[in-house]
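The same subunit A turns up in both complexes below, where it pairs with subunit B and then with subunit C.
Our next item is the complex of A and B:
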């Protein structure tokens, strides 16, 4: 049975954090959702709709979850450092856990900061944080798929941006386009369910968010299966 | 002597291209084994098979007595430096080495030691992106030396280094070899191969066309002649036989001889002779 070394994972995490602090592209992905939070905070004062404050969180899912994760994996492939890691005692799973930790930590930090900026009062809700963590895991898995499929950093933009808009930001834009077919498609997406669940939690209805949990969990399982398939295919192609 | 690498009738086919065509060889413990061949001859494919990155299409491969597998235990025993090895450009030399020191569980003192070995101690705080190609190559070499592997695969290790830095690296490799590390080396540099390798295999079109010690290869493929330079500036080519010996004796007796050199072929000459192409 394959064993996992937490010590090696810690070494990779330490390197990822050092590298991220020097990577302006990664830092930008943290700054943009916080900037949007400032903008939405003012809009919320005008419209009085607290749900609008969730939008910077959706942006964080897409930007720091998916895009950052895909960027750090694609860069490792492009610069041939992923091969160097794979030829070290670190196993594939240790490398992936170590790398995903950075995106996970940054997404969580960004969400926390956007909530601090907007003053969103969900901080104390355990259910809110649980469903948020589930969404972060989903978006990081999607980022891993994009990173593994991309051969370079530039390719992550081609592949990652449409996915980020579709998966992360479509619940924001779909109502503006107001087309029935688009609304129908968006209603199946995990972010749409995240928004609905958050709305219910805001109203104090904690017992009827089950279907939303189920939807996000199914998306996460699907993403993990695709991720494993892409990872195996990548190895065979090598 | 114990066999570290045992390759038998290995072939590797990528779609319709046959990269390796029935290669067999053994590498003994403590040997520096040179694998020489032009681009596309199958050197990198062989290293990929031996380092468990790909599987052979047919044939058998055993490293340390077992089929290579991408496990932590196997990776701890060997080190790899290929022409595609990468470094973290935003991090310093020291941070790059500390990452791998952590993965291989070696001490910070060892990091300092390899920095001295590759002549980079004073530059350790520099970010990789500010280094020259040669310095980056030295960092890569430092990285594979870190854990003092039992078996080291080096693919063109000194290709972008100047002679003085090459000397540092050759010294470090010799010391590592003296300490017991078996080295599998591919290179285009015939002098490097001659200076470092105990045995050499010439690879061409996915096949081994010659395998022996550099000395034996020269003897086998030499033209058995001696060049004599006379006092008057003339050069004479003398055969290594009874008649040639008499001729040399005559030049000596007459006091005409200025210099005498045996005409051993270089490894490059032998390679061209065997394959009809240069490296």
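Our next item is the complex of A and C:
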């Protein structure tokens, strides 16, 4: 196993950034959650229901985290550009770190901007950002799995969209449907716990270290294990 | 020890043989060109590059068996026709990105000059035409200054300017002691670049023999002059199945000898001829034909352009419907100039 070179990762990140800034599909994934935030901000009827302002954040988890990450990985696979990279001293791990870094940065930026637009304020911001970072990591890992499993950009949509809706948006819609079995399933999702945790924070309370952190961490660990497995298998195939 | 040694690779799929045994050695400063069909060329290069598994046989690079985790990969530059570029980067950004991954390599600006890209360096790759994109691909293969280049049909569907640049690049690389393994679909192109031309198809892999036709050239010339004085009745016979066609010499665009078989190129078809190239040369000389290469006789009346690729590589472009291209050896350039009167 070759060692990881920080210099090469920097080169990869710089390239990914230049590439992403000219990629309209990627920019769309940044613009839509911010647009949503603007929309909610101007909805008078929602006053008092601050929880809905978390919606753009959940959206950017799915869109800027999962979808962007899977798109930039799948695009490389589809165009065989990854192969040219694999002949270079750059390792697959370095390429993945570079790409994840970009998606991470973009998601963080998007969330920050949506919060600026909605004027959402958190009681204890350190706790909020910690749990947000944990969630971003989870969604980017999921994006990596989707990207590695799909052979083309269009395939990421088939795989990524359901995951985005299930993981990202179901905690918002499930209470509206209000079926016991659905509520039960949704209550296991990391985003449900994220929602509950932020609700507590908005009320100015700290939340108990236990269940919310534990849930999201378990999801993250599971995702990382699956990701490593998929990565090993797909690398041999490619 | 050869730089690259291909030792008896075979590819079989179920019961069909896709690739017959290939034995080949490539030395530094050598350019080996392989004339083959597109898909077969792709398969062959994929095996050489470890992207596809051979059924039998091995490939060695500097004596080390090629395997996917080999550290020496970055000493090999590679271009396959399926390769694609990062279309949203500019030419300069793209090359600097690849250069940045290596600790050693070429200076990007001089590389862009070599590949005729300096005026395009700030253009987004998506907006380049196919010929320009090909040059970016080839420049990318060179960023780390590899000692072996493996290229799939680099002149496939590119403009004349790009072909000029590619041949200049080959010349430069060979001068630097690099080795080239290149596939092509045209023997004419291959012969204009190198004498190491191999033919690859499902049945066989063998070197194109271009030596044997030159031995008795001088004596033949004299004989022929006696037998065929100017203005005598001459028809050139060619066989098609069990018929014999007779061609007026002036109908012939050029004559080509591949693997000891002589073909007459007439209009856009080619016909097998039983005469030897030297015999034909003698007969056709008086009709304005010229032996421009060991394996080619060209009808000078059909020549439209003389192209100088590099200092020692030339081609003749004919005005036939195919705009055929015939290689011209450096040694025959003076003779040609004398004949045309320049």
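Operating definition for what follows: the second predicted complex is superposed on the first by the 226 of 238 C-alpha atoms of A that agree within 3 Å, B and C clash if a C-alpha of one lies under 4 Å from a C-alpha of the other, contacts with A are read in each partner's own complex, and residues count from 1 in each chain.
The criterion applied here is as follows: a contact is a pair of C-beta atoms (placed from the backbone, for glycine too) under 8 Å apart; a residue touches a chain by one contact, two chains touch by 3 or more.
The structure displayed is predicted, hence computed values, not measured ones.
Applying the stated clash criterion after superposition on subunit A shows that subunit B and subunit C collide.
Counted by residues of subunit A touched, the larger count belongs to B, out of subunit B and subunit C. Once the two complexes are laid over each other on the shared chain, residue contacts for A:91 go to subunit B alone; subunit C is not touched. Of the two partner chains, subunit B and subunit C are each touched by A:19.
Judged by the touch definition given at the top, the superposed model places A:211 against neither subunit B nor subunit C.
Comparing the two complexes, residues 7-8, 11-12, 14-15, 18-19, 22-23, 79-81, 83-85, 87-90 of subunit A contact subunit B in one case and subunit C in the other. On the subunit C side of its complex with subunit A, the touching residues are 51, 73-74, 76, 78, 80, 82-86, 88-89, 93, 97-98, 100-103, 124, 140, 144.
On the subunit A side of its complex with subunit C, the touching residues are 7-8, 11-12, 14-15, 18-19, 22-23, 79-81, 83-85, 87-90. For subunit A in complex with subunit B, the touching residues are 3, 5, 7-8, 10-12, 14-15, 18-19, 22-23, 76, 79-81, 83-91, 238.
If you check the complex, the residues on subunit B that touch subunit A are 51, 53-54, 70-73, 75-76, 80, 82, 84-91, 95, 99-100, 102-105, 127, 143.
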